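Got some structures for you, see below.
Heads up, the next two complexes both have chain A, just with different partners, chain B and then chain C.
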Partner chain A sequence: MKKGRRDPEAKGGEREEEEEQPEMKRCKTAKRRKNIKNENARKMEEEEEEAEVRNAKRKKKHAKREKGEREEREEDGGKRRVKEKAREGRRRTHTRVETSSEPETSEEDELEEESEESEVRPESLSPEELEMLKEAVYERKKLVQGLRGKPWPMKEKLVTLRESQEFVEKYEGALGKGKGRKIYAYKVMMSKKWMKFQRDFENFKTACIPWEMKIKEIESHFGSSVASYFIFLRWMYGINMILFCLTFGLVMVPEALMGRPYGTIPRKTVPRAEAASAMDFAVLWDFGGYAQYSVLFYGYYNNQRAIGWLKFRMPLSYFLVGVGTVAYSYMVVIRTMARNANESGVGDDNSFNFSWKMFTSWDYLIGNPETADNKFASITTSFKEAILEEQESCKDDNIHLTRFLRVLANFLVLCCLAGSGYLIYFVVRRSQKFALEGLETHTWWERNEVNMVMSLLGMFCPMLFDVISALENYHPRVALQWQLGRIFALFLGNLYTFIIALMDEINLKREEEKIIKFNITMWEASLYNATGSENSTALPVTFHPADVPRGPCWETMVGQEFVRLIISDTMTTYITLLIGDFLRAVLVRFLNYCWCWDLEAGFPSYSEFDVSGNVLGLIFNQGMIWMGAFYAPCLPALNVLRLHVSMYLQCWAVMCCNVPQERVFKASGSNNFYMAMLLVILFLSTLPAIYTIVTIPPSFDCGPFSGKKRMFDVIQETLESDFPAWFSKVFSYASNPGLVLPFILLMVLAIYYLQSTSKSYKEANVDLKKKLQTQNEENKRKNKLAALKAQTDLEEARAATQTAEQKNNNASLQHQHAEEEEDLGSSQRKNGRPPPSVRHQDGRPPATRAPAPRTLHPDTHRSLGYLPGGGFPQQREPRMHRVPSLQRH
Partner chain B sequence: MGTTASQLGKDLLSEYQELTFLTKQEILLAHKRFTELLTKDEKDLPNTRVPAERILTLPELKSNPFRKRICHVFSTSEQKDGSLTFEDFLDLLSAFSDSATLEIKSHYAFRIFDFDDDGTLDCGDLEKLVNCLTGETDETRLTTEEMRQLINNILEESDIDKDGTVNLSEFQHVISRSPDFVSSFKIVL
Partner chain C sequence: SSALMVSPAIALAFIPLLLTIIIRCRYYFVLFYRAVLVRIWKDCVTGLSREERAYQYVLTHATPGDPDSILDAFDVWCSKVEFISNIGPKKGKILDRLLMEQSPLTVLELGAHCGYSTVRIARSLPLGARLYSLEMDARNAAIAEKIIRLAGFDDDTVELIVNPSDEVIPLLRSDYGLERLDFVFMDHWKKCYLPDLQMLEGSGLLRKGSMIVADNVLFPGAPKFLRYIRKSGLYEWKVHRATLEYSKGIRDGMAELVYQGIK
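Right, the complex of A and B next:
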């Protein structure tokens, strides 16, 4: 009856079954005694039961109960299942022959002594009983906790859960006595409440993750690799949110609330010459006019040391936030990398290459037939590739041609890179010329040339690379890596040309600044002369701050450039998305009805979602944020906005107009790759920022550091004026080279030491792996030998029985034996399982079949030992067969 | 068990949460999706079985090559027709959920791959498995030679006791070292 209902368990691991089998029988045969076994669970019925118990053979039953409880402790819950089964079985009608109970009797003896005192009634529990009860309750609780991890059908789990809970509830209270009782009940109640709270909190937490449903929807359409981009985007959004909170809360808001209001000093006022057009949309769009003279940019901030009634140290806060954003980003990226490396650390051995391809290559999340088709194709190719690699029949037909083509391709790519670099440099220089002549005289294109050229290059060069890479004839995986590397180089080259051009511009501005500074002193002197000798201390108030001449403020210029770059980059991304994906999809869809070839399957078709390109775009965008955030505090805010919109727009675009990729990649392998790129970009983008902060003196009349020689002097200033004298003294001692150099040396030594230990660990790991492998091979060989031997033994045994039976002249029996041997033999060869001990007691000469299983036993048992859940179907037939055959003997 | 009530009972819901790896929202969603599969008159009956054909219309399962096996494995039906009750359905989702353990996932994966339900993955099972993975069309199918080679390689790697089949413990041993089994053995409603 079990076989029909719980098919898998019936096939369950033979070891388990071996244990289960006698018990199952017991349970079934001893229907009415059954309840005694979990006496504790049914104390209500115990009175009647106990009468029966006494009438029946006492020993046996005690033994059984004891054994039951012992086993409960041993294999948490596995037993209970049996009980469950038995109980259900009881309800059904089933006729099964009572078979031998030998295994039980053997255990009875050893358990006899401890079974005496357990017949006490529940009211007068002895300490031992109490202990046992407690343990049972504890066991039940543990069972309930582990229940979700059990591969049983829900019905069974439900029944077990309810019963266990009932049991626990019933006896938990009884456990404590008198005073302890209340506390115990209270504790139980609290733990229940706590569990419930935890569960609710867990539910709440999953409900709080933003865009979870959206990502899951995409995941189920396109598989995990496309979803990995969106998860990365979400992660990026989180980081930017924190950067935004930092700059917004500690820099922008304090300045806006407590700093001097707009229009009070020259740096916070739009100059007279620009005032007329300061509110024009075109100017604002370029972040000039009122936008330039606001908290969004560096130049607006005043160098007043403390502002407002809070005495907020504005310049210091500005500097620390700048450092903090970079430090936080480093920390997060490195921590994530370390965690990823930990998670994927086990997957580095290649010993299960084929099996993994076979058992784990299907992505069960795929819910879209097209993705599924692509996945089929990619799995097939991966199988074929693996087989080819295994055969090592990798024949290269014309190595010279491919070499030549590869060199040519790389040459072309280098040309592209150099060309794009030069183009950017050229454009930036030209724009400087335009800027000197005044922006108003030029067209929109001339004003936005730099950004547009950069965005267009970023858009078209990857396509060019893609075409070029067709020359190279690489393996697709290698080709993808080359492609990514080239795009990376392109973006990086563009960014750095841009920065170098900016540096040029900064130098120009500083020249200009010198002249203006000189002019201002002249202007002030003339003012002084004009106002004359009446009042030499006060400046004339008649001058509006808008009229005061001022320097070019290169920091704001840098900030503006970055903001413009981000804006135009965002725009191009969105526009390509709309044109390249949406419009294309619409055209393909609707023109297909009246076109001469199949547009959907043929040339234009629908676009794929380009995971790697999008990830690279995101990473470079982030790099620009890190670079520019110091000079334009509004950048993180802009980026948060951009990412937010991207999330919705790209989710929509993916779902509505993209088709799944032809080559479906797994996401898990690439995560750390992205992170490593992010780290490189982070490093490369902080370099120029740090360079400018450390080497270039700040503008004299704008920004929080104006008037200082270097920006980091603000630390020195704070130390001197805000901390007690001894502190700055200590600090100056600590920062002198005599102390710093040894410290650095120490750190280097520590790094060296840690690195060498990790290397030795790695070596040890490799060694251990080798050892394991050799051991494995040895085991395999041994097993093979053992199997061979068993087979020969079996043959011998068969021959022996046949001769014996010929002597016996019992035709029917002989037939039966032969059949039996057949079964037994096959099951042994399959599972290496020794026949049950019952067999030895049937009066036959054990020599006929004992040797084969015995030799087999130790090895195979060890290798199978660690999982009892396996299924061994062949087991079933022999056993079914055995029962009647036994009785006939 | 009251699964046909438009709202699940509170006690039952908390029991389901206890017994599965699903959150409350997921269980409710599962219930909603499941009742959508029922016909009108079935909604009034308790413990309705939804036949496998109707379960397979779910978009999450539609393109899965193992869909029939999945239904078969999680079904508690006596006729072995792959029909699911709501509780079977919850079992399915729980095993395929994000937070299910490697152990339970690999257990069910093994049973899904064990096409003839005999408790081991033998050559026949592996061949069927490869055919499932490479799709139905002829151009993606492997040739018999390739198939033989592939199966030999797999047995070489994972059949530790050399009995010509992969059993559950060997299977779990292989799976537990795979970097991306847990992340891809997922079905989300």
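Right, the complex of A and C next:
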């Protein structure tokens, strides 16, 4: 009964004790400091490999120690019983309890841990003690929960947190009784195990995310903007993986396994004329020969409605996969955009420019000193720039020059765009000429001119734009957006020139096809006549499929063009990487030993990672995939390969040959910008694909849709033959314009409604924000008034105590000295102690710390106590200054 | 032969790259023109060295005995007529400020060239201070001597030593009777920065608080020097970023080192 008695009592009386016994507190804090050290040591230990073993050991130790402490406590109790000196005993008990509730106790406790004494038995507690214990535990729990919001120094918070947790851990178990207690302990244990499992599982999950560690490392070296590119790359990889799975699993593999094998029909055979060179590397590299007549391209697929024993509907599957990939891409992009918009919905950068800069501009993911330096410098410059901007917004002296320069820059950029567009157009026309003359007569350079020129322009023009944009004198962020827009325009122009040229070529091929079709019918007729005249009863002569004349198959041509474009683009990217980054880095590094100026810090330097260019490259690459995937099912596979290699190559390149950017900016805001661009590109790239699918009739002798008037007729066909009659009837009703139009109207209305609601929500948000702000100001004003009132009180109190103070000057002086020795932790805890009054050393007039301000701002002392010994003069300073202002009021 | 011939369209695609390079490096081209081509041309035409031409200009355009006017004349000549890599007015201001703050009594200047920086330092020295100025090249030293005297500084304030720095520094204590150096200004061969600094450390002339200022640490640049001070831990240091003298677009820096001594 009496054994357990101390603990709740001790906890209950803790508060009053705090006020009474400063000295004891001090020694306690000393101990606590020691404990912090112990704690640190323990942490270091924890990080070592055999953590679990150690954990187990520590647990045992801990348990033993607890026993020892309890024994001691009992001893205390005994002493108390004997001596009956209430105060003395209580004090001792307090110290004990305090120390025992701490994570590690000093060595003396460890020495006494041999005893076999049993633990605290909660059955022995009286109900009211139990209540008090419960209350104390509850208090601690509450403290732990609210700790984050407390305006204390971090060290104190940590100490309190650890103490409270230990306390709760220890005494929570004592609350239940008998069986219930065991169940409770079991529950606690299980919940801990569960938490640990969850943590491990989280770790496991992070380990499972591909390239996560690589990206984290890059992030720590280069800041989040560079990492955002790699995250984007990974995301893109995921999408392409799914596209690849769709096309590979539903189109390529079924055709390869169940379709007619190679060489059975003309479209699946290399023509006789090409057969000799079909296996040459040069031909294969151009995706001709055997590569052209394989599952990689549209033309290989047969128009047989169902193939294999599964009755797999190949043409339907081909069409649906083509549509499905695009639909899936739309869905994913829009969903991601919506999620990003939700995340970044609340930020407004305009209203508190400097506050935002002050408190939010650090990139906490940086772990590299050089990058940190750069970030520091960039924050400084951004401050300078912001101040300059503020100043400039007041006075605009040379606005005409700036405007002129901006117009000039845009003019130059437009010239550049037009030039590059014309060059591509010219090249494409030339290549058409070459194609008419026959490609064999021309050199490799001439045959690959289009791709080369496009890649080179895509590489060099952005550099020129970058140089030109220096004229404009925009803010870096604005400049980046302009730059992105211009590169976007360039790429788009190039791509569309390419597509227009392709369309021309498609038309050419279709003309050719008409002629060939006519010739074939003539040929067949002549063949029939010939066989008929010779022997009318015999079977028609069977030709080898390689000898059968065939049409040009524009779809395969389109697919080939896109595949070549992707390949050349990839090659250019990698070669640029190797030359522009790696070779440059090697040269700079090793020539620097024998060069007349500093190559590393000076002119060529190492390259920076160009986030915007890389992101745009990725986006346009994806656009080409979307455009070409319908005609070349191998494109997603190629892209997956490319992205995979890119990931490793660029990770390596960025870590080994790039330096952190001079302007490290955070990328969180720009993510949706990239997504928006991706969406635009997705739309723009599906446009020509859909146009060709809808308007141009498929080739007559190649591909899964041959023989149909349009490609989408496959749906009609399936509906008619594979579904019951009523279904096609329903479908035809549903596709009736009378039904479709109202449906579209409804959708538009719904969109309008949702948009207007979101707008009103936004307005409400802004209003609330304003309200908050005004309330804040109101509070500030109130606080100010209260503080002023406190000042007057304080002045009076000071005047009153001044005389009294001078008397016990010497005593307090000594007291002061003793106090100065103390460390942080202790001074924070001395709230209840009578205030140290005077300090004459610095020659200031004596002043007291009257109780009035402390009750108003209980935290001032706390925070000032952080500076050992230095708190008082600092605190006195503003008061001295505030006096005249008070009189003025 | 036609297999190797690149088509003209591909060559045209390189135009943006060419333009970019030209625009990016325009300051370097200008510098090359002014510092090398013009110099060679004038050398051939006049038969005088560049420093002598500068001296003639200063002699005709500046007021004798007025350091400021001499410096101004130099600045005008270097920015308008030809190029000499003096410290220049902008970085010179930083140097002036450092000298004002430090107010050193013993100053060592490595590389006087034609006396611009010597005059600049000498005019901001406190009373009783002494400046030792080293110049390796005898012809330049002669001009520097004239310029210094023209600015009105006598032998007590400025002592010009015509010798390479690696020979003079070990002798400073013995031959010149120096106890300590308060301020060292380096503007000679960039490759000598590091060996000279190490020699200064070895000579024991640097005391706690001695300041060393090195010009042109980024362009033409002294990478080994920077690497050394970064690693050595003997100095508190920073690099004042500026542009190259008499040029707007080339970035350069001036390193300021404060010797902390071995702790």
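What we mean here is this: the second predicted complex is superposed on the first by the 559 of 889 C-alpha atoms of A that agree within 3 Å, B and C clash if a C-alpha of one lies under 4 Å from a C-alpha of the other, contacts with A are read in each partner's own complex, and residues count from 1 in each chain.
Quick note on the criterion: a contact is a pair of C-beta atoms (placed from the backbone, for glycine too) under 8 Å apart; a residue touches a chain by one contact, two chains touch by 3 or more.
All values derive from a computational prediction rather than experimental measurement.
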{"item": "Touching partner for A:E449 - first (chain B), second (chain C), both, neither", "value": "second"}
{"item": "Contacts of A:T264 with chain B and chain C, given as first, second, both or neither", "value": "neither"}
{"item": "Touching partner for A:Q775 - first (chain B), second (chain C), both, neither", "value": "neither"}
{"item": "Partner, of chain C and chain B, that touches more residues belonging to chain A", "value": "B"}
{"item": "Touched partner set for A:C416, first chain B, second chain C, both or neither", "value": "second"}
{"item": "Which superposed partner A:F376 touches (first chain B, second chain C, both, neither)", "value": "first"}
{"item": "Chain B versus chain C as contact partner of A:K384, first or second or both or neither", "value": "first"}
{"item": "Touching partner for A:V467 - first (chain B), second (chain C), both, neither", "value": "second"}
{"item": "Footprint of chain A on chain C - complex, ascending", "value": "2-3, 5-7, 9-10, 12-17, 19-20, 23-25, 28, 190, 217-223, 226, 251"}
{"item": "Touch list for chain A against partner chain B, complex", "value": "4-5, 7-8, 11-13, 144, 147-151, 153-155, 157-158, 161-162, 196, 199, 202-203, 206-207, 216, 219-220, 224, 344, 346-347, 349, 351-356, 358-369, 371-373, 376-377, 379-380, 383-384, 386-387, 390-391, 666-669, 776, 779-780, 783-784, 787, 829-832, 860, 863-864, 866-867, 869-874"}
{"item": "Residues of chain A defined as touching chain C within the complex", "value": "416, 419-420, 423, 426-427, 430, 443-446, 449, 452-453, 456-457, 459-461, 463-464, 466-467, 592, 596-603"}
{"item": "Touching residues (chain side chain B, partner chain A) in the complex", "value": "1, 14-15, 17-21, 23-25, 59-66, 73, 76, 78, 80, 87-88, 90-91, 94-96, 101, 103-104, 107-109, 111, 113-114, 117-120, 126, 129-130, 133-135, 137, 140-142, 146, 149-150, 153-154, 156-158, 160-163, 165, 167-169, 171-172, 174-175, 177-181, 183-188"}
